[in-house]
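Quick one: structure below, then a few questions.
Order as written gives the chain letters A, B, C, D and E; numbering starts at 1 within each chain.
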Amino acid sequence: ACKGSENSSEGNTETTPKETEKEKEEKPEEKTEEPAETSEFPLIVDNEGEAIKGGTLKVALGTDSPFQGIFSWVLYEDGYDADIMAYSSNAIFATDGDFLVNDKGIATLEVDQANNKAIVKIREGVKWSDGEPLKIEDLILPYLIIGHPDYQGIRYDGDFQNIVGAVEYHDGKADTISGLKKIDETTLEISFQKLSPAIFSVGDGLWSYAEPNHILKDIPIGQLLESDAVRKNPVTLGAFKIDKIVPGESVQFVRNEHYWKGPAKLDGVLLKAVPSTSIAAAIQSGEYDMTAGSLPATKYPEVKDFDNITILAQPELSYSYLGFKLGKFDTVNGISVMDPNAKMGDVKLRQAMGYALDVEQVNEVYYDNLRSRANSLIPPVFKSFYDSSLKGYYYDKDKAIEILDGAGYKDTDGDGFRETPKGEKLEIKMAGMAGDAIAEEMAAFWMQNWADVGLKVVLSTGRLIEFQTFYDKVEVDDPEIDIYMAAWGTGTNPSPAGLYGKNAAFNFSRFTTPELDALLTAIDSPDAFDPAFRANAFREWQEYMEENAQVIPTQFRTAIYTINDRVKHYDVNYDTEFDLNEVELTADAPAKSTK
Amino acid sequence: MWKTILRRVLVMIPQLFVLSLLIFILASFMPGDPFTGLITPESDPNRLEELREAAGFYDPWYVQYYNWIVNAAQGDFGKSYTYKIAVADLIGDRALNTFWLSLLSVVLLYLIAIPLGVLAGRYQDTFLDKTIVLYSFISYAIPTFVLSLIFLFLFGYQFHWFPTTGTVDIKYDQGSWGYIWSKIYHMLLPAITYAILGTTGVIQYLRSEIIDSKSMDYVRTARSKGIPIRKVYSKHIFRNSLLPIAAFLGFTITGLLGGSIFIETIFGYPGMGQLFVQSITSRDYSVITALVLLLGFLTLLGSLLSDIIMSIVDPRIRID
Amino acid sequence: MSFMQINDLHVHYPIRGGFFNAVVDNVLAVDGISLEFEKGKTYGLVGESGCGKSTTGKSIIGLEKVTSGSIIYEGEDVTNKSRNRNSSFNKDIQMIFQDANSSLNPRKRVQDIIAEPIRNFLKLSDLEEKRKINELLAIVGMPEDAKLKYAHEFSGGQKQRIGIARAIATNPKLIIADEPVSALDLSVQAQVLNYLKDIQKELGLSYLFISHDLGVVKHMCDHISIMYKGRFVESGNRQDVYQSPQHIYTKRLLSAIPTIEPSTRESRKRERITVEQNYQKEEYQYFDEDGRVFDLYSLSDTHKVAMTTTNKEVIHKVAMTTTNKEVI
Amino acid sequence: MTGELLTIKDLHTGFRIKDTYYDAVDGVSITLKKNEILAIVGESGCGKSTLATSIIGLHDHNKTKVQGEISYNGLNLALLDEDNFNKVRGEEIGMIFQDPLSALNPLMRIGEQIEEGLIYHTNLSKDAREKRVLELLSQVGIPKPKRVIRQFPHQLSGGMRQRVIIAIAISCKPKIIIADEPTTALDVTIQAQILDLLIDLQAETGAGIILITHDLGVVAEVADRVAVMYAGQIIEEAPVDELFSNPQHPYTRSLFNSIPQMNSEDDKLQVIQGLVPSLVKLPRTGCRFSSRIPWIPARAHEENPILHEISPGHLVRCTCWQHFHFEGERGGSFQ
Amino acid sequence: MSVNVGNVKDINENIISSPPTGIQVIAREFKKDKLAMFSLIGLVTVILGIYVAAFFLDQETLMKVSLRDKFAEPGDKFFLGADQGGRSILAQLILGARNSITIALSVTIITGIFGIAVGLITGYFGGLIDNIFMRIIDFFITIPVLMIIIVFVVIIPKYNVVTFIFIMSAFLWVSTARLVRSKSLTESRRDYVNASKTMGTGDAKIIFTEIMPNISSILIVDMTLSFAGNVGLETGLSYLGFGLPQSVPSLGTLVSYANNPLILQEKWWVWLPASLLILLLMLAINYVGQAIRRSADARQRLG
């Protein structure tokens, strides 16, 4: 998977579940038709009016806690920092609608599949925001940071170790990573242990950002985090550069005169952190032109009536799902072991539970259809991998009842709830995550849905569980949990091996079969460099998952963006080549809503 | 006096020690840890385990505590897991923000409460008094966040009288007058809200102090000297009633520091209270522990400060 | 024969301070006094405010911890014995408090107040208890219907009488009366004093009568001790103390008492001034460097006076020679 | 008479209790002369302090009603408003309070507290005021006055504080000093000193002093003239020698008999039956003392008792005095 | 040695015939103070009403979400409208008030009992016991209560009304204990206590039958105020998300809906009734507490 596009991991009261992806760098091609509702919203906005000269774009960062302010792609952990850095991006690759690297970026990628090598070439004449030219050393540096023994972040992981020599370097046995080779002033060759199709979406250990070697080389890796070069005046490659920071609160960007696509039209960008409770009011009163990152879908009702903005929408790279606990993780051997006697072991029961959920109503009432019933574990954005023909699980109460009746779940003691085919009482404990503004209502609604088909579902621990605790419990296979409602962000590489493989710790349902493993291996196998093969592997896998229903996808998500009427043109499309340097304003101050 | 202060400070040490132990044990019981927050399909569970190992989360709590307290004794409270900077630096900034906010709140609070309390006490049982008492009860009864939100929407977003977020406008350079004013300006709305909510105690206390003082013998003595009644009030009644309140200053400030959670969360003001809530959710143990300790310490300091003020303003109390 | 002896009683209150709030010094509230009580007698304790009168009384009855010295009751050492219902000492020594108001629980009816010692010390049936209460009320001259009232419904004098009724409920031998009348008006004071005397005659009680009013003490007491800074400066019977005071402090105290003869005020003032001048001049002889009163020596069987620097030496020599003699 | 400083005529001071006013001082008429110490004695609650506060106007105006005439220097103090009263208070009339522990502001230095009155009633300069304060302190017999002015009340003993209060009262050389039980809270030795001080002061300044007390001994020591109060009224008034040698009103006589005499060996003290009636229950007509001497027949009392001058300067209320005898004794016959 | 003890009090004492600080005095104070009387009656009626009404309501059915009724306006179907989950606000108000009051009351009673016992005992005995408890209390004072409660809320695995009550109680008894201790200290030095001691009455009896009744007014005042404070604390914790789960209705959860600006501005029926109820409850409690306090202090009494 692509480590560069880390998702938001901030643990706060932010209203979207935490693992939702916040992707912005990639703006790939044409959008999918599915789900239909999203198409009600535009992806692009054009506003009337003469553009003023210069001007400052005002951006609100909706957060309840100060941003951390680690402005380095190798070091940051908080999604908000990524949202901020988006304005001064260091990304070297550009990607298309399938999130595959194309040649529109600073660097191009060539894969030598036979030798497990990737060749990265950079454009000439690209300059850092301080005027220094971009060099191959700047591309090598991030690898040397992540692999360094003093590096404390999470990016030194299995994928990274796929780079030849990374482990030796990390263990201190080598001074540098042997797999990185500077061919000439514009070419870098990277050797990998093995390659998969993920390399094209910047996976397998490939890194998609440059770090300014001329600034950072003198700073010991252990002290980078505290250094001014990261916290106060980072040198960047993007359309804007950071001019001034009030830590945790606001950032002022100015035009990067050295931007390789040409200087921005705006004078700068002013970004401020705004508490999530007042973000809507802030948009309404015209204090800001837009938000950094998307606006949580639950905020939509608050902003939908404002007449000073255009709301853009973009499908998210994530899905919500219902998971069933079917075994335990054997931590010694690092594999999932299924429990043949698991309470949720009956696939019929699981399927019935999937049909019983009236997700459609929730989507309509609470999300204004900004979320849609998911039919697959691959979001539709991945057009070539997504299997639109899957039926999935949809709301069908009668079908659920029918399945349950057929499987022998009957109410034998007349309490209104079904017993197991063996006649034992069936009480299913559900773990739900707290935090979302409507999490409580949704959990209550799900339980009601199940009660409607005669299943007794109660909350584990008696209430919704807060994010940290939730994963803590789910991870250790807490016996209090039979089923759980969660969500995954997929990143740009939708390969599911890390989430459903036999030895994936994140395979929380602990469902594992040889077939499944075979299907997963196929997806990332060398054969899969053939797109057709890979697409097929994905398809087969999706079908298998639907059949077994150890996780049932429930919702696909759509991200919304509010763009003020004074912004002349804005675009959230994945595949157009819109860039921030093109943004123009038509007035001196953002428009106010009259409502 | 210095000896007493020194003694009080020394007595604080075991108290803080026990507090640190308590909070440390509690923190170790908290489900999840700072790395749980990093879970994404892309994160490598093995790397997370490695980081946990390195952070010492698998050591027994007493080993962790020992390591922590040894460092803490040297002023090193560890690093924030979320902010990746020294806890001392992180809290230092936030504490300062909270401190200034509390201080401004206290000033405003006293500016509001003292005249009201004095009037209520002086014109006891009149309509004025009853109105003031009613006001004080209402300000006590109204939930903090309701008033805060209303003020924020009204004066912040509706009328644009006050800035709505942050501590300072980015356009000023640190240290300039504009910068200082901007800081105060940003604190003003939360501080006013805070002050209004906090007035009850002072008004009530002052009112009953004044009512009590009025019937004191020394007031009768003062009146028998034939000095104008307003002088009797200002030199005898007010002064004597105000002193205990002045002496509460230490307590009041620490009280406000502790109660800052709501205000800071609502006004997006990056202070200690907000940091605490955030650290709880992100399981930033080192910050949680340090914050609780700091607040405990400040509470002790506040009570010491109160005692010192008391001994300065009230000649009857001497600490030696 | 005396039924109770107080020997060299000391009561010290610690003064805390310094570094860990340690005891840095002591208030010598009572600093070595001895007393004996005989049946049916009244013992007066007089002195200026803060000289330790109340402390003496309270430590005898066990409300204050005795630092050193002993209290012997009928041959038994009762010093610092914890108070309990079964000891005869506790039953036999009772107390009347200065502030009648605060010594009666405002939440209790008179009958419950008076019944308290009865219930604790005497095992009486309900009927007997009732009778006893009526009897006690009659002794202190209160109507029976007072039983159902609360203390605050009575005047100061009546309250004090309720206090007396309570104190005599267990037929005590000794009542410690700590300024029982100083909060009362003249005429009420007279009432209470009369009752105290009547009851004494009737029940053969002894009193330790604490007061700062020399007139009242003279009226009430057979034996009077003048106290100063926790020690006795002089003690003796009425005659001894009032007619031939020896210690300079006693003289000064006596001279300060106003009389109700306006005609003599001029001469009394003059006398007062002379005494005061004398006091200033000779004070040093009567107290040691710390201002502490010297030990007592006997002038006669009844009359004891604190020594002065001069006679202290004399007596000391005498003592030395006597002991020497014995040694030889 | 030329020496009259203060004339009180038919003074009624009532407290509001449950919306009705009850007179605690009920028709008091009395005069104070120059150079005189007038003692007012009586039991607790008979209205002595109320009389004093009425004169100096320190009562709570919301709850108290003062009627009658208190004339001083051509002014009726009873009708004076607060501002004008402040010109009299402190400057012309000084007051000494009972409890020296609480009568001084604990947070102000002694010097300031004495100086306060001087600021408003004199136009002395700051230095002059300080000189005067020092002078006052030595006048009331405080050693080391230079140090004392910088001290706080709690650093002084009770006797010293009472002296400071006296210094405050006399700071503006008032013509009248009202002392409400100035020695009740003090030890006898200190009481004697304070009383001597009062006499000396009066001899020096020639002020008229109203001395309120319940201690007949104190009266005997210092007073020139005595008024005995009972239940809000003066029931007997006489020069001190006359009163002590020839008390007439049954109440006065009873009081004298209830003193434990320094030199009497009497076993029994005289007791006055019954209770002082509370303010609300006070009989407003007839002889107020009659209920406490029930053995004296009703006809011995006057219907509306007035003060009778039985010898020059000796006034007694009600005619019952003529027929009074102690209970159990044989009384005089009726005429 | 003062001869004159509280003139005003004398008058009172002669008129009435009951203990001077007892229930009657409080009753008289209420009769004098119409507002307090009104508050008391209102408080009792509202609380009783809430409990009775809540008794007839079934929490489970009422808390059933009905998405289509999201934010239904006040009207026929829902008298006070519905919340985000389409649940009746009125029912939640009643149940929530019941829960909040129960919590506040339980916490008040638990902390009251514990605090009073500790305060009375330490104040009465003094010495070593007092010293030990004062150290403990000193320690508790250093604890930032709100923070520690939040930490506890996070830790406790089974988090419900009962555990919530205990967590709150564990840290809130201290101030009561301190107050009671100081009162008990002065009261213990009064002569009627000494008198009881000299008459052989046991310590426990003196503490609980003599001292406690005499400081009962202060205790009541303290309890009313801490009751009010506890209501506030519960609300605040709910707001921060550390209170009761939303499925357990409480006033705090209702008010915290106001956190959403849309609801605050447009869906007033969701948060306003609960806020008003809290406001009125607090006002009433304060007026009642004020009257009781006055009755405990002779100087401020009205009647």
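The rule we apply is simple: contacts are C-beta pairs under 8 Å (C-beta built on N, C-alpha and C of every residue); 3 or more make two chains touch, one makes a residue touch a chain.
Note that the structure is a prediction, hence the values are computed from the model and not measured.
Participant: Could you name all chains that are in contact with chain A and with chain B at the same time?
Facilitator: E
Participant: Could you tell me between which two chains the number of C-beta pairs in contact is largest?
Facilitator: Highest contact count belongs to chains A-B.
Participant: Which chain has its C-alpha centre farthest away from the C-alpha centre of chain C?
Facilitator: Computed centres place A farthest from chain C.
Participant: Between chain B and chain D, what distance separates the C-alpha centroids? Give it in angstrom.
Facilitator: 54
Participant: Would you kindly tell me how far, in whole Å, the mean C-alpha position of chain E lies from that of chain B?
Facilitator: Centre-to-centre distance between chain B and chain E: 24 Å.
Participant: With chain centres taken as the means of their Cα atoms, state the distance from chain A to chain E in Å.
Facilitator: 48
Participant: Determine the centre-to-centre distance between chain D and chain E, using the mean Cα coordinates as centres, and give it in whole Å.
Facilitator: 50
Participant: Hunt down the residues of chain B that sit against at least two other chains at once, touch-wise.
Facilitator: 30-31, 149, 153, 265, 277
Participant: Where in chain C do residues touch two or more of the other chains?
Facilitator: 185
Participant: Considering chain E alone, which of its residues make contact with at least two other chains?
Facilitator: Where chain E meets two or more other chains at a single residue, that happens at 1-3, 14, 154, 157, 259, 261.
Participant: What residues of chain D sit close enough to touch chain C in their complex?
Facilitator: Residues 43-44, 158, 187-189, 191-192, 195-196, 199, 214-223, 240-241, 244, 254-262, 264, 266-272, 275-276 of chain D touch chain C in their complex.
Participant: Quick check: in the complex, which residue numbers of chain A touch chain E?
Facilitator: For this pair, the touching residues of chain A are 13, 277-278, 280-281, 301-302, 361-362, 365-366, 434-435, 437-438, 440-441, 444-445, 448, 459, 461-464, 466, 469.
Participant: Note which residues of chain E are touching chain C in the complex, please.
Facilitator: 1-3, 5, 13-14, 17-22, 190-192, 194-201, 210, 213-214
Participant: For the complex, give me every residue of chain E touching chain B.
Facilitator: 138-139, 141-148, 150-152, 154-155, 157, 228, 232, 235-236, 239-240, 255-256, 258-259, 261, 264-265, 271, 275, 278-283, 286-287, 290, 299-300
Participant: Considering the complex alone, what residue numbers of chain B touch chain E?
Facilitator: Residue list for chain B touching chain E: 12, 15-16, 18-19, 22-23, 26-27, 29-31, 133-134, 137-138, 140-146, 149-150, 153, 208, 211-212, 215, 258-259, 261-262, 265, 276-277, 280, 288, 291-292, 295-297, 299-300, 303.
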